[in-house]
Amino acid sequence: MARHAALRERVLEANLALGHAGLVVLTFGNASAVDRDAGVMAIKPSGVSYEQLTADGVAIVDLETGAVVEGETRPSSDTPTHLVLYRAWPEDGGVVHTHSSFATAWAQALREIPCYGTTHADHFDGPVPVTRALTRAEIDGDYERTTGEAILETFAGLAVDPLDRPAVLVASHGPFTWGASVEAAVENAVALEEIAAGAFRTEQLHPGGGPIGDVLRRRHFRRKHGPAAYYGQTR
Amino acid sequence: MARHAALRERVLEANLALGHAGLVVLTFGNASAVDRDAGVMAIKPSGVSYEQLTADGVAIVDLETGAVVEGETRPSSDTPTHLVLYRAWPEDGGVVHTHSSFATAWAQALREIPCYGTTHADHFDGPVPVTRALTRAEIDGDYERTTGEAILETFAGLAVDPLDRPAVLVASHGPFTWGASVEAAVENAVALEEIAAGAFRTEQLHPGGGPIGDVLRRRHFRRKHGPAAYYGQTR
Amino acid sequence: MARHAALRERVLEANLALGHAGLVVLTFGNASAVDRDAGVMAIKPSGVSYEQLTADGVAIVDLETGAVVEGETRPSSDTPTHLVLYRAWPEDGGVVHTHSSFATAWAQALREIPCYGTTHADHFDGPVPVTRALTRAEIDGDYERTTGEAILETFAGLAVDPLDRPAVLVASHGPFTWGASVEAAVENAVALEEIAAGAFRTEQLHPGGGPIGDVLRRRHFRRKHGPAAYYGQTR
Amino acid sequence: MARHAALRERVLEANLALGHAGLVVLTFGNASAVDRDAGVMAIKPSGVSYEQLTADGVAIVDLETGAVVEGETRPSSDTPTHLVLYRAWPEDGGVVHTHSSFATAWAQALREIPCYGTTHADHFDGPVPVTRALTRAEIDGDYERTTGEAILETFAGLAVDPLDRPAVLVASHGPFTWGASVEAAVENAVALEEIAAGAFRTEQLHPGGGPIGDVLRRRHFRRKHGPAAYYGQTR
């Protein structure tokens, strides 16, 4: 069980972090990380409570085939969705799915989250999109894989680097986030729930201004991301 | 005091779990479990705070007569409601009653909770119904028993297996949930409060789509429940 | 400092309980208890944080004169309001004032809280009233005493035993609760915030029914309070 | 590293207090304190999580030039905003910036927070103002300094002592608070979030009265602040 030990540990911590941040109750969520050199993805096992989760219980699946390559647990039922994203987006290092309260409400309302302020712009370079509804045939078919493909389709229509807007609302379901690492994907899940709550309340206060302008939005995104970033200690 | 020790312990843990999940304050709730072989139900004692609750304090009542068969505490004043459900539904292993915040708001608004997303469908195969108001004679009479009968009447009108939609809103009062075990009933109480909050916020965002379609709803319910379930480790 | 030790300890615990229940932040609240035999009231000192509060720091004031009779701390600036209530209502054993979030919103909206369900009826036998606004002269005068008198005036107009509806919203300010003991007053403060949040959300869901009928309201109040109560272990 | 040790410690504690009070997640906020005799400001380092923050990591910058005078961390990207306030307001001893949930919603809605009750008046002697939007040139230019200047401009138009209304909402961004000390600035940040939530809910309840009158507002502010204050132990 020694292989992929570091990857397992990071995925364990990422899943626990979702609970500590108040983003999941019961077993409502899962985090995964990819090791592209080893050709594997590590993901939460299906239906296991966060209290019972261990590094050994993290499932390791083949990035290409989706087959379990190590361990005795069944991987999350959302595994095919995660795999679709990793295969399509080579810069994607981690994926998080939750049913966090406010983000899920936007997903259920079939609405994208407008960029109402700099908290949003600090993390997502534009509105957080919502996928189209799946067809009956898609739901009855390979449902979780098709969910991932609907996410790809949404981003294909946006002409944006998915790492610059690392979140989506799956219609009638809930949010997925991602990032260069699973730790970044968790941070984006936390930020998404904050901005989902903030946008909800902003609308109830009858905003005087609507979404913020492109200039302010890009200023904030670029002070934290990309070559001209001047936020943080490491750039 | 050694009889029914395991049952008492499970009911103690279930009641404590309600507090830990934020579903109850003060003494606003109670959980029970049934042992059909022994012909008894174990339930929280009336008006005892969660801090003072012990396994020995859990009340054991006869499933048929409702009489206390062991222990010195008075059982929850809602005992007759629990008994009605156990007697009518042979698959029911546990019952939980709370005044959890959002679910109670729907009950007070006399509104069923529509199925706005997959979080709901993962747990409840359709809207969470609300009972009719009781008549003056029913309130003045055997009130808690009649409350249980109103729940039965609600489900009789739905033609649904109560285990497939294990929750109800008692009009102007609050939610009851149940399940194959008391642990499942607690999980359903947690899920109910989540979906009650989510549906509340979905409506405030002016949903573009209304309740989800039957195809998506059943797909989600059946991936977690029944013979074709593929969620979790044990099926 | 040994006098009134038990009273001090209870008032300390009651004040700490307000913080643990999430009803107060910073120094936004105070609890007091009366010892009618000793002719004194014990109350939180003014502006002391809950972290720094000790039993020795609890202020003891004369019930008739309001003068500090023991200790070196200045009593809460709301002391005159508490005293007015104790003097008028001989059954009142404890008083709590908070700025708890939802109850304060109702006070600021100058609205009584309608009785929308049994959670409310379990604690308050009718709507929680709101006081009239004070006049300019009253605000500029003996403000805290007049606040108490406005509460008395509100209840005088209701023809209800204050112990049967142990809460009021002071207009544009926040809630006061009371009870046969300071522990009961704290419980009523917790219940009030719950029902204030619930009523807020009930209205946003467009209630189908309005306030509950008198029959249900009295049934619930009387199963917990008065000679025919059958809730709890001690009656 | 021994210089400014007490100042560093206080700034560390103030930043940690923001997390404990639920005002910040991730790295969404920063607190600073000034030592006018030493001519320096101490501030949170940029992008460091609250878990990893230490007193040694607190950045010390020159109050006049903004240059780092001690330590190896890069100061918060909001440092120029803090400096503008300290230079303009000689009584200002601490500044706090958060993206706390309800206050940020008001900022995003471009709305000042009306004074709907005494909780507000206890801390802020009038509505909490919102800045004007910055121009494109200002955003593209020295953005954080200009943000500070927009705050000064807002208060210049109000003819109020900034210490009597120690909070502002930066349009489309979030709140800044300040005070005679960094501890007072933190308290004001806590109070601001409370009153932002309260005002949000007051409006949803359809207030019967609108903002409170000047007489009540000033009574409350002055019982806590200024020469005639009679709240607390130290005056």
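Letters A, B, C and D name the chains as they come in the text, with residue numbers starting at 1 for each one.
As a working rule, contacts are C-beta pairs under 8 Å (C-beta built on N, C-alpha and C of every residue); 3 or more make two chains touch, one makes a residue touch a chain.
Computed from a predicted structure; not experimentally measured.
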Self-check item: Set of chains adjacent to chain B and to chain C
Solution: none
Quiz item: If you list every residue number at the chain C and chain D contact, are more than half found on both copies (same) or fewer than half (different)?
Solution: different
Practice problem: Give the rotation angle, in degrees and rounded to the nearest 5, that superposes the C-alpha atoms of chain A onto those of its identical copy chain B. | Solution: 90
Quiz item: In angstrom, rounded to a whole number, how far apart do the mean CA points of chain A and chain D lie?
Solution: 32
Quiz prompt | Whole-Å gap between the CA centroids of chain B and chain D | solution = 46
Exercise. Please set out, as single numbers or ranges, the residues of chain D touching at least two other chains.
Key: 204
Exercise. Considering only which chains touch which, label the overall pattern as line, ring, star, complete or other.
Key: ring
Quiz item: Can you name the residues of chain A that touch chain B in the complex?
Solution: 25-26, 28, 45-48, 73-74, 77, 99, 101-102, 104-111, 133-134, 136, 139-140, 143, 171-174, 200, 203-204
Practice problem: Over in the complex, which chain B residues touch chain A? Could you list them? | Solution: 21, 116-119, 187, 190-191, 194, 197-199, 201-202, 204-209, 212-213, 215-216, 219, 223, 230-234
